[in-house]
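Please go over the structures that come below.
Shared between the two complexes below is chain A, which pairs with chain B and chain C, respectively.
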Partner chain A sequence: MSETTEHRSNYFMVFGILVAALAISLALAAVSTGPIVVAAIFAIATVKAYLVLTHFIHLNVEPRFIKVLVIGLLAVLTVLYIGLVPDIVWVFGRMEGA
Partner chain B sequence: MTNSAIIEQPMETATELPNSRMAIWWFLASEVAIFGGLIVAYVLVRLHHPEWGEYASHTINAAGAINTMVLLTSSLAVVLAHQAVEEGKLEKASKLLLTTVAFGLVFLAIKAYEYTHELHAGFTPVTNLFWSFYYLMTGLHGLHVVGGMIAMIAVSRSVRRGEHSARVECVGMYWHLVDIVWIFLFPLLYLAS
Partner chain C sequence: MSHGEPESFVRKYIFSVDHKVIAKQYMITGLFMALLGGFLAYALRSQLAWPGDSIVGLGVIAPHAYNSVVTLHGTIMVFWVAMPILVAGFGNLLVPLMVGAEDMAFPRLNMLSYWVFFLSTIVIIASFFVPGGAAGGGWTAYPPLSGTVHASGVNWGMNLWILAVALEFVAFLIGGINIITTGINMRVPGMSMWDLPLFVWEELIASIVFLLAVGPLIAGAVMLLLDRSFGTGFYAPSAGGDPLLFQHLFWFFGHPEVYVLLLPALGIMGEVLCAFSRKTIFGYRTIVWSVISAGLLSFVVWAHHQFVSGLDPRLAFPFSVTTILISVPFAVHLFAFIATLYKASIRFTVAMAFTLAMIALFMIGGVTGVINGSAAADIFIHDTYFVVAHFHYTLVPIVFFATFSGIYFWYPKLFGRLMNEGLGWVHFAGTFFFFNLTFIPQFALGLMGHHRRIANPQIFEFLRDGQGLQVLSTIGVIGLLAAQVPFVYNFFASMVRGKPAGRNPWEATTLEWATASPPPHGNFDEPQTAYRGPYVYSPPGEGPDWIPQFEPPAEALEPDTAISETAS
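This part shows the complex of A and B:
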């Protein structure tokens, strides 16, 4: 805990950014639901998740081992995503009633 | 060497982390695999089903947005509880944990309202694949909220007695992950319509 004490974030400022990001997402969704806007909304969601991960869960002060664990996990999910494309998008996605 | 460093020394392990934090990180990793797998499957299937946008338009954006705000605020409360523990303010930490539980209750109440509205409109888990995903992902997430609330009540009681204050950080890390999952569920199931 001493590490987090030394590197403590300004939690209220991070919270303010998260709320502002939510407001921007809602405003974008109200304007349009086109692919670019949807991509922007997910980009904002990713930034929000990053802020929570780094400042609230304190990943920014964890040892490198934990950062490798998180990055490795996300890499596995990416491989899962790519690996499932042939089955789900190309085959299952074309099934009637699927 | 400071007094705090001397106190924390026995907790350190070969991984440079206290065992409790190491354990919670592995637990969070398993949770990411569960929700990540679900989200990946949902995104992949949805790519071939543009009509799901129409289904998603039946979810209540305002309720989802309020719930996002509720969870973000609860995350702030729990991280402040952790900060209070670091400052030795255990009573304050306990109260902040219970505040987080209250936010969890609000979240579940809003979710219950949504489910009622959607079920009355005829959208059940067997209506089609979109609603199956919707109920599965939000239901599983809701169960995690309930689990977090139960854990937080237990930790709050022990912290009030001056015991196991390190558990505040662990339960907080879990709660933040629940928050992160919702951060992605909200645009996936509500906004991307």
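This part shows the complex of A and C:
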């Protein structure tokens, strides 16, 4: 906030990286849907989300309070995910093979 | 920013960017929707008291229509009454004034927020008139009831419900960002975060909680819409989905949402309490920290709504514990309010009466909440009228008692005049009495086993004895609605006939009382400074029993030096 001068990201380069990452994810999914590949796709998605947050949502130039809010949001999502696991991920006795 | 240029009628009263006009728009829309929600309450209560009879003003309610009435009563009261009045109405009116700003941080976004909300209001009202009627799946819109057309017989009504709620969330997200930015960035010189009036703190935290909680429900609603309209199976077990997922997503938002409503209400009460007990709030920082911790805890209690819906039993214990734990910060908060009253010279005004009644009634709501929060007890009372009575003992004090308190208190800042206290006391007495008459019988009915979603309790043998209580409760709601007549009259008549208020009729300390009533465009005639904390009442020594936050320190140098000279 304090420096209103040029602090621009190279949007086209970031966009290029995002497209390339998408292409890699799709290619991986075409090769296999095993657990390692799925993990890799999620890892790539995380990197993409990080790039979007920092460059397109401008977190790299925002004051600390905004970053704290984003961290809070991620913490909240983590809590939600943990709460969902027993019911939605481990479907004991409800679907075959679980 | 430009002040005082004459504007066209449309710019001034309809598409206005002035936070005070937008506050009035939100409040009046909310109060109008409260009449609609109240009428639905009257309709559903009449059906329960005299099942199948024709209801004055509506006719006979068919069973599926009863579902719509219940669903829309809840939906409207939470999303179209509580949210616009408490969060957006009072937030818009007071946050800029209390921090000494000339408007919200983003006035145009503010206007957009109201008009998106207005659109959502049109959509939800329109949903009554589409083929199949309005949504009938309950205000929580659980699938499978809400997930397919054949489950509830409602097609467009449910789609419009989802659309309306989504639009409403957009409006309050925009509004919330505005409130957060204004409260943090637009404070006058000298006002640290620890000098903020309690109301601003509570609005800030409420807005942040809303911001963090709303995402999962929006995702959930999109999936619901996809299930209904595009044949996906997120919530359909036949397609590998799980209806429980929606309950998780809904309550992950839904419980924090209750606090989004509660916190502004507590903020209103804090201001009223200080002004009329002529005392500094007891434990200001303790209150703020208890609100922050309640905000954090509110994200880990949601599954207490799902103890009987097939939740993994291992989750019941942790969610019971967090639920019972969350009563601690609120107990701290309320006891700080009660301690504020200790040895105070209380001024009994209508605003104060509503706040004091709110404390008492909310205690009943809170204590019965602890009973519900225990998983073992909840299995017995889940979805009964005991729970209905519990949450009305929390939400009616929050949404109506605190709102009335705030309206009587800040009416000068809305319309420049005071409301009539005599009519106000009639309003208060009627509201207090008939509220209790409505909901005390419901605790008993709930323990008898009256399930909340049945249209005719008389078909159950074990509920027939309770019919007298049903009638009592219905008489209560009719009285409660009748008790609002003096308020509605007072609200509109005082705009022209009320006693002119002057700047600071209550001799209060915060910055909104530094300016004219009603404040002009741009709010303050001159830039303000905060010289002290928000609640300096009854300072030791001679002189008035309050020192406003905006009053420069008296030129006390001379007497001081005089004393030190004589001392030395």
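Note that the second predicted complex is superposed on the first by the 82 of 98 C-alpha atoms of A that agree within 3 Å, B and C clash if a C-alpha of one lies under 4 Å from a C-alpha of the other, contacts with A are read in each partner's own complex, and residues count from 1 in each chain.
Note that contacts are C-beta pairs under 8 Å (C-beta built on N, C-alpha and C of every residue); 3 or more make two chains touch, one makes a residue touch a chain.
Predicted model, so just to flag it, every value in this text is computed and none were measured.
In the superposition on chain A, A:P86 makes contact with chain C only, while chain B stays out of contact range.
Looking at the shared chain after the overlay, A:L69 reaches both chain B and chain C. Touch criterion met: A:K48 reaches chain B, while chain C stays clear of it.
Which of chain B and chain C touches more residues of chain A is settled by the count: it is B.
Applying the stated contact rule after C-alpha superposition, one finds that A:Y11 touches chain B and leaves chain C untouched.
Comparing the two complexes, residues 65, 69, 73, 76-77, 80, 84, 88, 94 of chain A contact chain B in one case and chain C in the other. By the touch criterion given at the top, residues 65, 69, 72-73, 76-77, 79-80, 83-84, 86-88, 90-91, 94-95 of chain A touch chain C in their complex.
Per the touch definition, chain A reaches chain B in the complex via residues 1-2, 4-5, 8, 11-12, 15, 18-19, 22, 25-26, 29, 33, 38, 41-42, 45, 48-49, 52-53, 55-57, 62-63, 65-66, 69-70, 73-74, 76-77, 80-81, 84-85, 88-89, 92-94, 98. Of all residues in chain B, those touching chain A in their complex are 2, 4-5, 8, 15-17, 25-26, 29, 32-33, 36-37, 40-41, 43-45, 47-49, 53, 61, 65, 68-69, 72-73, 75-76, 79-80, 82-83, 85-86, 129, 166, 169, 172-173, 176-177, 179-180, 183-184, 186-187, 191-193.
For chain C in complex with chain A, the touching residues are 184, 208, 211-213, 215-216, 237, 240, 242, 244-245, 248, 252, 299-300, 302-303, 310-312, 314-315.
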